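In what follows, a structure is listed as structure tokens, so that the remarks can point back to it.
Chain naming follows the written order as A, B, C and D, and within any one chain the residues start at number 1.
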Amino acid sequence: MLPELREQVWRANLELAGSGLVTGTFGNVSGLDREARVFVIKPSGVPYAELTPAHMVPVSLDTGEVLEGRLRPSSDTATHRELYLAFDCGGVAHTHSEYATVLAQARLPLRSMGTTHADHFRGDVPVTRELTRAEVEADYERNTGLVIVETFRVGGIDPTEVSAVLVANHGPFTWGADALAAVEASRVLEFLARMECLLRALAPDAPRPADYLIDKHFLRKHGSNAYYGQR
Amino acid sequence: MLPELREQVWRANLELAGSGLVTGTFGNVSGLDREARVFVIKPSGVPYAELTPAHMVPVSLDTGEVLEGRLRPSSDTATHRELYLAFDCGGVAHTHSEYATVLAQARLPLRSMGTTHADHFRGDVPVTRELTRAEVEADYERNTGLVIVETFRVGGIDPTEVSAVLVANHGPFTWGADALAAVEASRVLEFLARMECLLRALAPDAPRPADYLIDKHFLRKHGSNAYYGQR
Amino acid sequence: MLPELREQVWRANLELAGSGLVTGTFGNVSGLDREARVFVIKPSGVPYAELTPAHMVPVSLDTGEVLEGRLRPSSDTATHRELYLAFDCGGVAHTHSEYATVLAQARLPLRSMGTTHADHFRGDVPVTRELTRAEVEADYERNTGLVIVETFRVGGIDPTEVSAVLVANHGPFTWGADALAAVEASRVLEFLARMECLLRALAPDAPRPADYLIDKHFLRKHGSNAYYGQR
Amino acid sequence: MLPELREQVWRANLELAGSGLVTGTFGNVSGLDREARVFVIKPSGVPYAELTPAHMVPVSLDTGEVLEGRLRPSSDTATHRELYLAFDCGGVAHTHSEYATVLAQARLPLRSMGTTHADHFRGDVPVTRELTRAEVEADYERNTGLVIVETFRVGGIDPTEVSAVLVANHGPFTWGADALAAVEASRVLEFLARMECLLRALAPDAPRPADYLIDKHFLRKHGSNAYYGQR
């Protein structure tokens, strides 16, 4: 079932393992075949070094059920599924990377404070509200996905322009066109989170950059008038 | 004597050496055979690169005496022994890892501020009180163990749920089912300590996560209703 | 066209990639043949691992036009060109290195606080003013170069003594005798920026070093009375 | 001349280069043959990768003159010489290591805040006073040595118990029984300086550890009653 997607998701999980963003068996990446309405995801608690493409678990986008094999999918599978249902993306990644997680614990958004941020995300990366007791006690992982979606809807944020979120007291989720793009977003997010933590310590009242500078950098790399790279 | 345990404790000491948590000949790991009432521990002051399983020193759990060989055991041996006598564990590790040691010097507990912490420890990692002059001048290492045990007893903390402690102005001790688990706990502790130092600098008044979130994450991975991993 | 310069600029770009100062395809280095009035620069958005000397793009110093090949030059080419037109230098480098970028986002200069700084730069590394909307919306990259030049002219700073600048909310540019010297300046700048961020957190009111100490160290290594190294 | 000493000093300089404590051609280590009244030191400004034992420059302890060869010794040679003349040591190292240098720029001593410090140094590592204009303008490097010696004399500090100093707005010097011990002291100093910077940010008012704890740890490893290691 979906051998190419398994292969790519496996590779994306290895990239995550090699990125310094995860420790132990933590973190997970999935990738979606939207036509087939199936996504494949890392199995739960298997060491990265032992993973093969065959370990990747295919899950139904519509029902959330495992479609093949005996391995249990990542415990965060239901979160991934809600993101695929609500957002226009083909890959999702989850880490507890150090600086992004600290921002999530501080319940502070990752502010857009310079061109490095604007090259990747158009505007602040938001932090979710806390989940309620009811949301945690039943269907915790699905509710984590729903509260992410709510955060973007309520905040009027376009998930194709800001492809990352900080879940309060938990950690980041990122997404992108495919599994590898989702991992790349995790990597960029952590780099920006490092700078944000430093900046807040150094100059908590530093002024925001002008909107026109932010837009310039985002649009230099994204959209129809982009002029970065070889096209 | 206990060749398998020696081999495992030797391997655990090498893991510690490769973890970045210790410098020079510092740090030590031991492992217990509770049935035999013997634990084996790293010798004192021998470079990690020169260690072999044969260097590991067997010590009587009941008397604290060296049972075989000419090498002196780690100077912290009496601390390890008190932990084995009081706690239900099979391995103990000690480091001066940077961030955990800074918290110990600041005499601040490592607070449970998010799910990364809750995945490993159920509640704050405590810091001991200072030792008195009498406790330092005679039987210093044994008293270090006793003050750790006192910290858990007085605080009503279950050492199987919180497998780490910060000794005031000294550094961390961790424990687990065996020597390798104790090293893994040291590694996780240091990662959490990094985040705690960052968080205190960034947002000293950040609110605590809800208890139900902490319990959810701890119980997702530990105990009879755990659903993380392949079982 | 200019095979030796291409080779050196290619090497300098690889040094930059290996320095930890850039992530992904970010960052760029160029080198100038002032006699030929041509500089060569990294192409836009090509992964460092794929670069060869043949990929380096030759650009006219006088017109800014690409002189050979089909690759588009770095999107920051017009900034490099303004620096070559105004400053006496043969190489320019641009990164978003973490600490220098944080200072640029805080709009704080990199102060000369010790002999390590004075060994490389004679005085503070300035931060530019913000660009205006008009400067960003048309000819953004060229205006970035012009605002750097303005910063040095208005501040009375000699660009051969201070070979680096922080562009507000963007990041650093550095320069030197050739492309490799420009990369070396980026590396030194980042090291100094790390120390500056630390120092501001540790002791925001630390007194400035005496001018005579700064001059001593700069002149020990630079100029006609230098006595550092083998001459 | 002194081939074994040259070999050891060369090796100590390579250790320094591999330690992450120096960048470029910075930093230097020397070693003394007190009987021969000669010390050998790294040449000035030669890349570490090109050094061989033959490059090490022998210098007279009594006159400060180069005794053999054409290479110029480290520009800091006169500082090393003053330390050999005043202190009972056989090796001296100098770096601009990041955290120790930041403390020197903040003009803050490295406080003895825990057992990790006490295992190596008995008491705070002091920071010198600023040099005067006259001291900088003539015989700068010699005066740097003299102000270090003055700091220990005025502070009543025993240089065999505290084998390191922070020179104001400059950086650390360390010493030991030989060149390798001096490098090891630089390494330990930097680790302790990292913890000190963190601790000051985290808990500026953290109480000092009890004197009896500090003495216990220093004397556990040093002096006639030491019981650490295999003896």
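Convention: contacts are C-beta pairs under 8 Å (C-beta built on N, C-alpha and C of every residue); 3 or more make two chains touch, one makes a residue touch a chain.
Keep in mind it's a predicted model, so treat the numbers as computed, not measured.
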Fill in: Intersection of contact partners for chain A and chain C
none
Discussion item. By mean C-alpha position, what chain is farthest away from chain C?
Written reply: B
Discussion item. Could you classify the chain A-chain B contact as same or different, where same means more than half of all interface residue numbers appear on both copies?
Written reply: different
Fill in: Cα superposition angle of chain B on its copy chain D, in degrees to the nearest 5
90
Discussion item. I'd like the Å distance between the centres of chain A and chain B, where a centre is the mean of that chain's Cα atoms.
Written reply: 33
Fill in: Distance from the mean Cα position of chain C to that of chain B, given in whole angstrom
47
Response to the item:
Where chain C touches two or more other chains at once, the residues are 201
Worksheet item: Should the pattern of chain-chain touching be classed as line, ring, star, complete or other?
Response: ring
Item to complete: State which pairs of chains touch, listing all of them.
Response: A-B, A-C, B-D, C-D
Worksheet entry | chain A to chain C touching residues, read off their complex | 113-116, 119, 184, 187-188, 191, 194-195, 198-199, 201-203, 206-207, 209-210, 212-213, 216, 220, 227-230
Worksheet item: Where on chain B is chain D touching in the complex?
Response: 23-26, 43-46, 71-72, 75, 96, 98-99, 101-108, 130-131, 133, 136-137, 140, 168-171, 197, 200-201
